[in-house]
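These are the structures in question, set out in turn.
In the two complexes that follow, subunit A is the common piece, with subunit B as its partner first and subunit C second.
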Partner chain A sequence: MSRNPYVREVPRTTWYMRNNRYIRYMLREVSCVFIGLYAASLTVGLVRLAQGDNEWTHYLNGISSPTGILFSLLAFGFACYHSITWFNVTPRAMRIPKGDGFVPGPAIVSAHYIIWAVVSLVFLLMMGVL
Partner chain B sequence: MSQRQITFEILRYDPETETEPRFQAYCVPCEEEWVVLDALNYIKDTLDGTLNYRWSCHMAVCGSCGMMINGEPMLSCKAFIRDLPAGTIKVEPLYHFPIERDLVVVLDDFMDKLESVKPYVIPKKQRPIEDGPYKQTPKQLHQYQQYSMCINCLLCYAACPQYGLTPEFIGPAALALTHRYNLDSRDKGRRQRQEVVATHEGVWECSFVGACSEVCPKDVDPAGAIQQMKIASTADWYLEHLMPWRRS
Partner chain C sequence: MAKSNKPIVWGLFAAGGTVCAFVIPVMILITGVLLPLGLFGPPEASYESMTRIVSNPVVKIVLFGILFLALWHAAHRLRITVHDFGIRNDQLVARAVYGFAGLFSLIALVTLLSF
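Up next is the complex of A and B:
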């Protein structure tokens, strides 16, 4: 009997189309592009602010245009998707000993949401939105 | 007892006469309580004795019957036909492993990787047998128990896209077992294993897709184990650089 193992190649560029699990993972990875672009837009905003009134108004008009709002919504959606999927897996990455076992997963996830809410509140207060 | 005629499309490959695999269809009268493995056994017993596949326990313990069922890595002895979508059922050998013959895959790569992580207790000092067993409290057992449930079925490797793209990756089960021994109170072999696992081909190849844990039939959660090892390896790095005197 002769051996002649057959190797099935993984498609290099389309592997993530193979199932929904991979697509969900790619969405999480792609979210960093939108978050990065949003951070870049904020940095541009700072530069415009330093440049003077005119430039700043121009920037504000830009981000409040329909395209600007659409982009912000998209970035917000991706940021939420990234944070939520990330928070949900945190108990598996950090096991905190308690008694004979570990702190239950839902407690760790909830703690993340509480910290998220508190930090967001502090920022909104500092910005005078609330 | 109700019976249903179901078509199985099975990937066949004969290394002696064929250059690539092909699908072959079989129509099987399936009983209500059958799993996919029962249908394969029916085919082998009554329709086509040349079909090759691995199995042994028929109770999700031995880990030898893993295969792709409708594109999803599953234990064929645990995959109830009634739980699968109606229609043709596609059966293929586990993805990411070379096909030896029909549904049988080549396991050598995994075996080498498993060996490389030293999956056994390495005590600080061997004790003479007269001294009795190494004792452990229930709490100490609990630390690693989940990661010791692995049955080496390799569903996680078939699910892991990183292993598919980068075959050098040590992969989920071997890393979960590394973690299992590292967490064992009787073991002092972590530093030896770190040389293999705290590397690019080790934990750092993992990008936490999480597919391994989703398909694992024993809830081992290899993805969780790998993330914990990443955190511990990062802590090692900082300790080593910030407090070099701590390194013994």
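Up next is the complex of A and C:
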């Protein structure tokens, strides 16, 4: 007769709290909530802009409230965390052949950071901020 | 081999993740911090300038692409993450998150076309 298999108890909703690595993993995954909510809020902004002057002012008041600013700052932090974690694993997603080997990982990661900086500058320049 | 829609779902997730990584931080900075701080002037002035910007056909296409991919990326990642938080009703979760992404993508498309 076989014994009952050993099943380690894992709390279903709080398992990641045991370990900093798991917490960082969950923070990375949760970045999608902020990115999704931001995309939705920007879409609402477009709708308000299309509706007219008055509605646009209401929208501006909303995003200028302390809650609005706090959300934007939090979303900014999570979005940056998404970018960093995304770029840091790019060497594992793309293997670029070069000569007898491959382009070294750090070069691929650096290239992504440079493009990130250039894209951000272009956006700021096009909006007339810089 | 059984047909699967996984390559499309994950392909869009990867494309969205890459696009978001490049553009979302600076977009939040512009529309979520600098705009409310009044860098584009009072509401009447920003109304004029923003309307002019989104009336540009290239901006419309790029903005729709970014919004669609960001919404899709977020929806797919949330579907997987919700599982990690212990919610196991995947069918319901999938309908909710993809429905949200689809609805807002459609609103963005219709609104951008109206400018």
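As a convention for this text, the second predicted complex is superposed on the first by the 124 of 130 C-alpha atoms of A that agree within 3 Å, B and C clash if a C-alpha of one lies under 4 Å from a C-alpha of the other, contacts with A are read in each partner's own complex, and residues count from 1 in each chain.
As a working rule, contacts are C-beta pairs under 8 Å (C-beta built on N, C-alpha and C of every residue); 3 or more make two chains touch, one makes a residue touch a chain.
All values derive from a computational prediction rather than experimental measurement.
Chemist: Touch test for A:Y16: subunit B only (first), subunit C only (second), both, or neither?
Modeler: both
Chemist: For A:L60, decide between first (touching subunit B), second (touching subunit C), both and neither.
Modeler: After superposing on A, A:L60 lies in contact with subunit C but is clear of subunit B.
Chemist: Just to be sure I read the superposition right, which of the two partners does A:A39 touch: subunit B = first, subunit C = second, or both, or neither?
Modeler: A:A39 sits against subunit C, while subunit B stays out of touch.
Chemist: Between subunit B (first) and subunit C (second), which, if any, makes contact with A:R8: first, second, both or neither?
Modeler: first
Chemist: Can A:D100 be said to touch subunit B (first), subunit C (second), both, or neither?
Modeler: first
Chemist: Of subunit B and subunit C, which one contacts the greater number of residues in subunit A?
Modeler: C
Chemist: Thinking of the overlay built on chain A, is A:S83 touched by subunit B (first), by subunit C (second), by both, or by neither?
Modeler: Touch partner of A:S83: subunit C, not subunit B.
Chemist: Touch check for A:L125: first (subunit B), second (subunit C), both, or neither?
Modeler: neither
Chemist: Across the two complexes, find the residues of subunit A that touch subunit B and also touch subunit C.
Modeler: Common interface on subunit A, subunit B vs subunit C: 12, 16, 29, 93.
Chemist: Taking the touch rule as given, give the residues of subunit A at its contact with subunit C in the complex, in rising order.
Modeler: Going through subunit A, the ones touching subunit C are 12-13, 16, 26, 29-30, 32-33, 35-36, 38-40, 42-43, 45-47, 49-50, 53, 56-57, 60, 63-64, 68-69, 71-73, 75-76, 79-80, 82-83, 86-87, 93, 112, 115-116, 119-120, 123-124, 127, 129.
Chemist: Under the touch definition given earlier, write down the residues of subunit B that touch subunit A in their complex.
Modeler: Spelled out, the residues of subunit B in touch with subunit A are 13, 15-16, 20-21, 71-72, 95-96, 98-100, 106, 138-139, 142, 159, 161, 164-165, 207-211, 213-214, 221, 223-224, 227-228, 230-231.
Chemist: Help me check something: in the complex, which residues belonging to subunit A touch subunit B?
Modeler: By the definition above, subunit A touches subunit B via 1-8, 10, 12, 15-16, 18-19, 21-22, 25, 29, 89, 92-95, 100-101.
Chemist: For the complex, give me every residue of subunit C touching subunit A.
Modeler: Listed in rising order, the residues of subunit C that touch subunit A are 14, 17-18, 20-37, 39, 43-44, 46-47, 50-51, 53-54, 63, 66-67, 70-71, 73-75, 77-78, 80-81, 84-86, 100-101, 104, 107-108, 111-112, 114-115.
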